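Next, two complexes with subunit A in common: one pairs it with subunit B, the other with subunit C.
Up next is the complex of A and B:
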């Protein structure tokens, strides 16, 4: 505790008061960077240039002696000592349609319910880190809005507030013609109507509407956190001007403001065709903002309380197909984690020499969820959801946290 | 011995050279006695056809990206995805004659030799064309102008001009000797970047002059649907060399969804090209270039290069062969039965098969 507080002194006025408060209160936060479609482990975390399945890229030294990443991760290679990489994920599901929800829901034992996605689960289990902000924000290409489906069987209010293309929610600004008093009266009337409606209807739906309005009001009060103009141009350069760079920088801003869980999606990583030309252009788009975020959180004293995870639904096949692509490979692939109870510089996993298969058991998503919940201070075996009178595990009962990457 | 009449409609696979790893480039030597190939296993493989012997030249540290023979001397040039070019005396030595360590800021994608054999020309990711002396590998000059990765090069039949094609669909003509850019041809159709893409897709993957130098064929694919699967419509643009205008756009009949990586004109101005497709058979396609539809096609695995034998009757295609484990996931696969995909160097004879002759 003294160490944390002592560390804060050095940052002085650089820290936003809300950040200083979170660090002091040791509020845990999460940033999940989701590379949808599946990043190739050979072109990123586990290059194995002597493997018969290797691509054409070099492997480069990292800041950890003896550990190499692909040359497509030059920035992350420099901060390898700050992160952990698990090279032996073995997650069973080779399909997008089932693999994405499985990896984001954690695959607890089937009880006939739709489990919440990770962001909704954390929103439920930890609540908001900053009461005046939504607990779960999802920055994604395409459309935004309030995505209640992420909450699964939880109340819809634990869904994700999605910022389409990183844009703030529509109508975040109160029209000039509406005074604060008029706005308050309007909200009071809406709440009254909701109460009447709630008496005869599914309360979850009403909660979702109510949550949307509450969020909108909260965001109207904090609209400065969506103001791109205030971002330092040098930060933009460091994170990259591509969508993933811009969105991860925005995630940092939201984490600094106190959002509990931020998910950042990047699509089109499903490189069945032209994998090597595409990886050459895609992987650096993840490398640059990931490394910048880790460094910035570390510099701000936030990394010890902020978990950063970069992952996909699976990796890509060792075999190179006829279109010079790689197909889906859940059998042995890699993910990266950093911060918040995760060891620094733990690059783990024993694979066959060519990287195609795990030697031993490997780790499934259940192990990952226990790890994530554990480092966030959630007792992943003891804590339960309650749903219609039923106690439901928050993570797969048959799995344990991955101790090798935990402090 | 008389040369049989060219008849691509009766073309047949007359020889197959199998290889245990994937090969992406293959070329006949100028005397037709040798075949060189390179790809995933980092080696340059050289077959002496008459003796049915193969040797492998070790030196590259990554995939071999391009190969070209010297037109007059017993030299072979190879390039790789780490910017290295090596010159080999393929008949007499397993050691390189010379090496260029940094021929490109990143990957070398294409090599060509001028008709007089004086210059080796390379191009790749850094978008700068480099001209090297073939005798010693010393840099003669650099040609700048492209804005993105250069995938393809070709020299005109009169030996006076070089053409280069890049990711954005820019084809540039350069004079050989004084090394000036003459003009730019528009093949932007072969590049796709939709609003939701996170990378540029396509580019000019192949270039070929007709024998009389009046036509330039520019290959790739158009209308890519995503930057993930990268599926597009394989397309060839036929340029009138005199005017620089597109005369015709050639299509395929089959289902291939990858780019044309190689094109060659035959002596009667028939154009031949090969493309790729995911997990199924592609085809070797022939056109009379005034017609957009192919005049003939032959089913073949995905093919990545084409080389015409000096007898003008044999065509060499490095062809993908699945190892039996392709597709998503490894269910039922073990380290013992999860096998690498492989290649066959398939030589098609472009005339009617003599009676009693076996294929392959």
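Up next is the complex of A and C:
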């Protein structure tokens, strides 16, 4: 199959444009690394050691001359030329309760509906990259399951298959004592049992039911992609043995298998007190697997088709509070992107000298969503959702893609 | 059409003789069920219809619809053996009067009206008990709905207040419009509906104006929360996000006139002074007024929505479908039928059991889900063939338990009060390898797997990978397919003749007799697996449980 595809690509000029587009779209994948709460821009992407708001950490040189990151990002500093950083996010909302949905839904103009989270939106707009794999997998600490809430007003099936602590839902495993042979035999019985019922009926209902079994069996057959036992110990070292490291490595495995969208969550990025000790512990946990993932995707030739985004709900206040903490700061903060349609080495954003505010207009999450959709080949202004007879924009109508970071 | 035929054939017969010939009593006019059929036939024209469902298919359908379960193997055999003419009608009557009717329809209405949200001050159990008691007697739909809208927490109707949830005025407005009037007015909160011309922003706010005085108040001595109404002195103001024009309205039904808000002299506004923490009771209480106006006989939006939803619960789709899009652009499949049902429901005093019975007596309801000879596809909205409906999560659990002969066992489970709370999340992730300790916990697991997310209407059956994975691989299913005294596999393993086994298995699981090839197929598999016969019986039952025929009510 892959050989055939190679052949087709080889005769690129003979290929019908729409097929070429399909192949291209098919390959586009996303990994969203979500740092729940807010990573401090001063302790990461925008250190400004000379400013009055600086903390105790040094800034270090990156692989791009003249660009510095915090010393807490040593691995990422070495690959700065492979990524883009936007230092002028200005996202308006400083609250946790609304911050997560606003950022992950992209804040389209209010139409009185619950918009899908990014993963569900991409699952809907691009579909699965591999037909037998769920389009949206979410790796997170804690509990897993099928999280339909993420789909918002879209059908529940666009929700996330969540791997709690990296583990797939238990029902993907055959019960103990059911061998592969027996499983196949039982399935043959099941199909046989369906025959009579199927024969004289409107086929659509029965077929949809049958399809769900086909999908289930295909997923069971590929359950090794959820199995982190087989991962190379050297890779584990490189990504880090902490949950975020393990989960980003697992994300790589899922992306390689062909899952369209993988979200990895890390919690407790909320340093209202003791920001510096906490950052010293937390930021390297993001640095290590992020850099490793970018390098691995690049080595495998996947980076140009895989978008990686690492972001939070907001940044953290320039002012250090009385508990040596930094509070929520949506007015000027940083996010990192790489891969698919994103420039390599574009570290952008003009801020005031101390980094507290954007000089001019900053970028809101609406701009970010237009950017993400655009690099995935989705026409972010033209394509619409249909919901109860209403046409709904997929991203905020008042925003545009962030051209500065796009190829 | 049918009536003319009667006239020709039976014109000279005395009425009691006709009654004998036709198998049902004749009053002065045709029963509603005949008129339903006439309208469905008339609409379809001269095209083939599916045959009437066979006895086994009819029994399974009616038992699921009225009692929420599949029939037992014994019930199937008995019904097949019964040669009396009126047995279908008798079965419907018996089940409507039966114990399980109230329990099952409590579930159906509760899921429809609360959409699996458990909100407000009334515990779920009290709400269920209230609905059950109502449904055990002679339930009148307008009265039930009236109780829910006007609920103030006083008296024996207190549980009805659960329908109003957390007393969020916008949620109440949207739910009442959607669930009771068939109008999804969510879009009309901020502007006239963009694609449905007749749905205006004023409709949304007119309903809102009936509800926005409602609040919760705690009775000091009883320490109980009641729903009270504040003083409605003024109209509600609103503006469209498009043109920012200021508008206002008093309480108003979408198809009715605005209710004038009575103005009282200062000091004359109240009927009863404040006491025990409850505020003074105003003379004008718009929500109470809504309860009456909305459920009035004259309100066609209400009667049409009511019959549409009841029809949906039995037929798997609404005459007007989707259920919350009852407007001019979305014409009903059978407008005259919808009108007829609504009118008859009203003139029979919103008698729920009467309506269910009439629909179920119709040939339309009793048609087979097998396509007519030589036809490969039929539009579901034509009702020329019965569309399969997915089992509800609760029906499915009961059906699996009954099919596998584990009902008694599951019901007998007693939760150890000392035991730790069952870790349901762990059950799905694999960190909890225990079996659920109670029937209630099993039900919660089935609802989580097969139900829609709380807050979403449970209308269409949607197969899903996680659902299939569950039925294939869940520990409960596996557990129930192991032999235990008296359960299906135990009974089968003690039989000798493969024919008898096939018969027992098909009666228990699929509620019908196996066809010849099916019996052969069963015998074959058992013969090939002779050394592991009990396990092989489990394989076969597993296959039948996982078949579309089992998963659907058809």
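Convention: the second predicted complex is superposed on the first by the 338 of 407 C-alpha atoms of A that agree within 3 Å, B and C clash if a C-alpha of one lies under 4 Å from a C-alpha of the other, contacts with A are read in each partner's own complex, and residues count from 1 in each chain.
One rule holds in what follows: a residue touches a chain if its C-beta (ideal position, glycine included) is under 8 Å from a C-beta of that chain, and two chains touch if they have at least 3 such contacts.
Note that the structure is predicted; figures quoted are calculated from it, not measured.
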First (subunit B), second (subunit C), both or neither touched by A:134: second
Which superposed partner A:321 touches (first subunit B, second subunit C, both, neither): first
Partner chain in contact with A:206 - subunit B first, subunit C second, else both or neither: second
Touched partner set for A:330, first subunit B, second subunit C, both or neither: first
Which superposed partner A:170 touches (first subunit B, second subunit C, both, neither): second
Subunit A residues within the subunit C interface of the complex: 110-113, 134, 143-146, 148-149, 155-157, 164-165, 167, 169-175, 178, 182, 185-186, 189-190, 192-194, 196-198, 200-203, 205-206, 208-213, 215-216, 219-220, 388-390
Of subunit B, residues touching subunit A in the complex: 21-22, 24, 40-41, 61-63, 65, 80-82, 107, 196-201, 226-231, 257-258, 276-280, 282, 301-302, 320, 322-323, 325-331, 333-335, 338, 340-341
Of all residues in subunit C, those that touch subunit A in their complex: 184, 186-187, 189-190, 194-196, 325, 369-371, 377-378, 380, 385, 387-388, 425, 427-430, 452-453, 456, 461-470, 472-475, 478, 515, 518, 521, 525, 539-540, 542-544, 546-549, 551-552, 554
Touching residues (chain side subunit A, partner subunit B) in the complex: 37, 49, 52-53, 55-58, 94-95, 141-142, 242-244, 266-274, 277-278, 281-282, 285, 317-325, 327-331, 352, 354, 356-357
